[in-house]
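Naming follows writing order (A, B, C and D), and every chain is counted from residue 1.
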Amino acid sequence: MLDVEGRISGSSPMSRGQVLEALRLMLLSRAVDDRLIKLQRMGRVGVYGPVHGQEAAVIGSAMALDPQRDWMVPASREHPAMLRHGLPLKNMFATYMGNFEAAAIPDGVRLLPRQQSIGAQLPHAAGLAWALKLRQVRGVVAVYFGEGASSEGDFHEASNLAGVMRVPLVMLLINNHYAISTPASRQSAAPSLARRAEGYGFPGFEVDGNDLLAVYATTLEAVNRALAGEGPTLIECRTYRMGFHNTSDNPKEYREPSEVAEAERRDPIERVRRYATAEGLWSTEQEATTMDEIRAEIDAAQAQVEELPRPGAASIFKHVYASLSPRLEQQRAEAIDEST
Amino acid sequence: MLDVEGRISGSSPMSRGQVLEALRLMLLSRAVDDRLIKLQRMGRVGVYGPVHGQEAAVIGSAMALDPQRDWMVPASREHPAMLRHGLPLKNMFATYMGNFEAAAIPDGVRLLPRQQSIGAQLPHAAGLAWALKLRQVRGVVAVYFGEGASSEGDFHEASNLAGVMRVPLVMLLINNHYAISTPASRQSAAPSLARRAEGYGFPGFEVDGNDLLAVYATTLEAVNRALAGEGPTLIECRTYRMGFHNTSDNPKEYREPSEVAEAERRDPIERVRRYATAEGLWSTEQEATTMDEIRAEIDAAQAQVEELPRPGAASIFKHVYASLSPRLEQQRAEAIDEST
Amino acid sequence: MGNSTSKSADSTAVSPPAGERPELSILEAIREALFEEMGRDERVMVLGMDVGRLGGVFRVTRGLMERYGPDRVVDTPLAEASIVGASLGLAIGGMVPVAEIQFLGFTHQAFHQIGPQLARYRFRSRGRFNAQVTIRAPFGGGVRTPEFHPDAIEAQFSQAPGVKVVCPAFPDDAKGLLLEAIRDPDPVLYLEPQRLYRSIRGPVPAGDHTVPFGSSRLVRDGKDVVLIAWSAAVHLCLAAADQLALDGVEAAVLDLRSIVPLDVEGLVAAVQKSGKAVVVHEAPLTGGFGAEVIATIQQEAFGSLDAPIRRVAARDTPYPPGSLEDHYLPSVRRIVAAARETVAY
Amino acid sequence: MGNSTSKSADSTAVSPPAGERPELSILEAIREALFEEMGRDERVMVLGMDVGRLGGVFRVTRGLMERYGPDRVVDTPLAEASIVGASLGLAIGGMVPVAEIQFLGFTHQAFHQIGPQLARYRFRSRGRFNAQVTIRAPFGGGVRTPEFHPDAIEAQFSQAPGVKVVCPAFPDDAKGLLLEAIRDPDPVLYLEPQRLYRSIRGPVPAGDHTVPFGSSRLVRDGKDVVLIAWSAAVHLCLAAADQLALDGVEAAVLDLRSIVPLDVEGLVAAVQKSGKAVVVHEAPLTGGFGAEVIATIQQEAFGSLDAPIRRVAARDTPYPPGSLEDHYLPSVRRIVAAARETVAY
């Protein structure tokens, strides 16, 4: 719907307010990427995998959800979607700054934790959507996963189960064309991953994942199908991982600069910036102000995390079970003892 | 190609000799079913899952393979295919009569053992086909699995890998409409499982699995594609499990007699019998003679197994590893000691 | 104890009039627990292959679908990882799933959803989410089942902190541990001794009855040696104790009932009595949970040990065909021999 | 031993002129073994995620694809079960696959293809087929990796008869055990200590060099107590032994090198010397392979034991985030304390 020049074809499925909200989130996402990479280089963050390049896919889809009604099940590269859905920025920073207590998803936020076992969240999402259906709770579950994840058995089993049970599930396949160094062409011989949905008895759509409006519109349609009891939808958002896989990775080792240059031309943020500017919604001044706000937010989140007490030995014995066995009590006592 | 009356449309892809070979195998298969069920009822066989109703799917596909060139990877309900591919009947009887030494696949027979972990043979088959390709050995791998197996992650991962590596694999999905008590309609919401092939980048075909000639022709096409280096093919043979899942099962508990009656009308053997009779290849006399031969073969196989020494304690320590560790040596000595 | 071995057909689990409550088989006790708990708590649902119309391959869930409907008693596709993974999602969504894996050997297909997911979800989410999920699975040998069906892989789950692993050997414990499992806010693997399903009958408390995890049960007392086991092997130990008694050896039998959590205190007390112990399990020797039992005992009761603790276990080989399993599994004869050697040490 | 910890960038594994062979890191030793064996035996191939152009996430396989081509060094789709399952098929078809699973924690996804398939194929086929497959996987903590990446689940494979499990801790063993693994006609899990990849350097024999499985290595002698470990924990034990020496406690250190098969003889001999032992591992305590080590020792050397064998292991909790792993893992301090108590018993 939005071409690389930011020209729209047809009318916008997003209101002006939504476009501005999305643009702000996109800018925030990229600023967060920058900050966490910087902190990683300073040794204050472990490993970080940036969203860079995938903002339209991740944010466009998240904007189609209602955080008061819908659940979000992330993989591990969808921070802006998680923020939009209600995760405080501070908690996100805590995740990466090694404070897992402060990273927890607050009560009431309909969001599951990041998943680092590729594809493992898919059956969880199917089950959660199934629970909504059984309990006749109005809402959908949106689950994110990469094209790499789509090769795992979990993708297949979860999709098939979701089809059989006809659950309100929106499957967001973020095809960023890489799984670490492995290109999408090596991940599957299928010309389209969206077409796999047919094999599970529900519709699949392919969408330009760098087109905010198209991603939004397609997701909204899937959400409405799900709410109407028509079951799951698979959406393949074709985008590109512009940055490295994570801070331990150097993509120059496995891909051509020309490919990255081409992707830069298709930058998802630039399109929205142009579109919003053309529509009179945006200006360089507004961007400057927004960036200042964003930096302040980020500074505040980071500072808040820095001020928090660091979890200690006792923390690893919390939430293992609802209550500790005598053996674990003893281990806990030892660990606390040894750490002091 | 063969309708339920045994009328052919078009010309037969099988020679007269092949039709006779197939018909004989079908009759053998059903006679083996009867015998092993009888032996099970007498307590001389553990559990047996009959082929009853699936003979055209299993034999039609096997007939398209060259046992001197191609490999067969069975699930667990494809005995007649295994026999056609070179497994001696005696060895098959030994499998069920609890003599696993005598059940082994003889050297030179290009056949893997039965697989009782549903779907687990699929990646093996993909790997084996990959080896043929890497070693530039002319041949294909044919792998059997049920519609139940098609729900397992292994199906997905193996199919996808086979597509990416473009290996000479023929995937024979025997959709007999049941996985124990679970009907195919509950196994997946997909109207066609063959269509899943698209999602792996290779062709898929649906075929009347009770039509010997159609199964044969479709498999042969897939074999030729594979030999030509064009990669895998998925073939869904739609058939019906006319008998019980296995000797511990009673299908009356979960399906309607009318459904079974309809399947009986579509019996795969009857069609071939009619067709062969109409073509002047077959007669009641011939069938009587053949059945006598088959019974004699079965009697001989059973008798041979009965005469064999029964494996003892030492047997369980054979083929654990190429050679035994001291701990296993010790356990072996104990076990032999205790059993005498 | 009521170890009678009558093989009468299993009746539907409807409470009979008070005062005439018959003994139940283990299978019936499990079914009764499911019936009752689904009646008590409408969040409880049963899912798995063939659990609905068929009532499961062992008919454990027979009658449940008719009673509670196909939304709460659900036949799933043939895909173990999704049964477990979806159960976690169902639990997060407010249901209380009791998943059946047709045989424990097929939890292999779901391993990545058990230890790394179910078990860690409370921890990963810092308590925001918990996985109130029970996985039921039959296991164990002695009944000539095909490959994979008898696999005794319980020890592997003891390396997956966050799950509990329980294994009843008697009808009353079958009911009490299952109700405890379903209500436990954490995931529980509930392992069913398939060879005892119908062969062991005993009294079972009517109505609500739970057995706390981490409490072992001294099913027979004896001053000379203690035989330690769980699940079906407990009955081998009882038979061995009977035989030993003929020679005047008094063997106690301790049923661990749950291996995670482990009743360290009960274990140590049982061993201290005689200073001699034999551990019996149906899993292969090397790396079996018997090793943990021994490591724990020698740590906690080193001074009281008067003899090495022997293990009577399955062989370190793949599970052989049913016709050969007697050479593979622990047997009464082997237990008696080990106990004699231990007593004579 | 050459436990120097220089972190120089790893060079490409090309044999230098004789007489000037530098020490190699563990990572370099593994790479050298792969280079050499692929040169020697054209059936050998390497497959796994990102092993080709990238050379693996740790660059262990760097240079292999350039040398041996993309048919023999293959980037696979992201699907662990198919990597293992296809390797079995490749082996049956005449290849000798060396599969890399990116981290041992992700073998969970392939469990049903390892124990029940790879391990049992020889047995099931009565020797007609064997699975000459090596699975390489890095594991272990101490380097602040994300969830699943450090999971030490080696004990679970000891309950899967038919596979072997080896875990080098030094560069020479890294090479020697890997060559042995690739040539072994049976499946071998070859576990790589990720935290030592570049930090441990040592002499490595040029050219052909194998280390037989089931032979432990006494890496330090000492008369007061023996510290028993495998993989990275061996180096914790060495550091602990250094510290103990300052107090005059002479601790031996035994590196098991392979846990399946287990060197029972070497183990017993090492323990008998002092009658005192401590077992150290990075896996959680309960059900860890340390339990098997202890159960074996107390069975085989009961009379020589002068103190209970203590275990220093990870906690029975899920693996915490890297920032907290020091509270979770065994540490030199904990080993020293356990050794002191044991010696003083």
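Quick note on the criterion: a contact is a pair of C-beta atoms (placed from the backbone, for glycine too) under 8 Å apart; a residue touches a chain by one contact, two chains touch by 3 or more.
The model shown is predicted, which means the values in this text are computed figures rather than measured ones.
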Comparison of A-C and B-C (more C-beta pairs in contact): A-C
Farthest-lying chain, centroid of Cα atoms versus that of chain D: B
Chain centre separation in whole Å, for chain D relative to chain C (CA means): 33
Whole-Å gap between the CA centroids of chain B and chain C: 36
Interchain centroid distance [CA atoms averaged], chain A/chain B, Å: 45
Interchain centroid distance [CA atoms averaged], chain A/chain C, Å: 41
Per-residue overlap in chain A, given as positions that touch at least 2 other chains: 100, 117, 151-154, 156-157, 160, 164, 186-188, 320, 327
Per-residue overlap in chain D, given as positions that touch at least 2 other chains: 77, 79, 81, 105-106, 108-109, 112, 116, 123-124, 147-148, 161-162, 262, 286, 315-318
In the complex, chain A residues that touch chain D: 46-47, 98-100, 116-119, 148-149, 151-154, 179-182, 186-188, 248, 253-254, 310-313, 315-317, 320, 327-328, 331, 335, 338-339
Residues of chain C that touch chain A when the two form their complex: 45, 71-72, 76-77, 79, 81-82, 84-95, 97, 112-113, 116-117, 121-130, 161-162, 164, 184-186, 214, 261-262, 264-265
Touching residues (chain side chain C, partner chain D) in the complex: 105-106, 108-109, 111-112, 115-116, 119-120, 123-124, 147-148, 151, 153, 155-156, 158-159, 161-162, 260, 262, 283-284, 286-292, 294-296, 298-299, 302, 307-311, 315-318
Chain B - residues contacting chain A, complex: 151-157, 160, 163-164, 166, 186-191, 193, 195-196, 198-202, 231
Chain A residues touching chain C - in the complex, by the definition given at the top: 100-101, 103-107, 112-113, 117, 120, 122-132, 134-135, 137, 153-154, 156-158, 160-161, 164, 318-322, 325-327
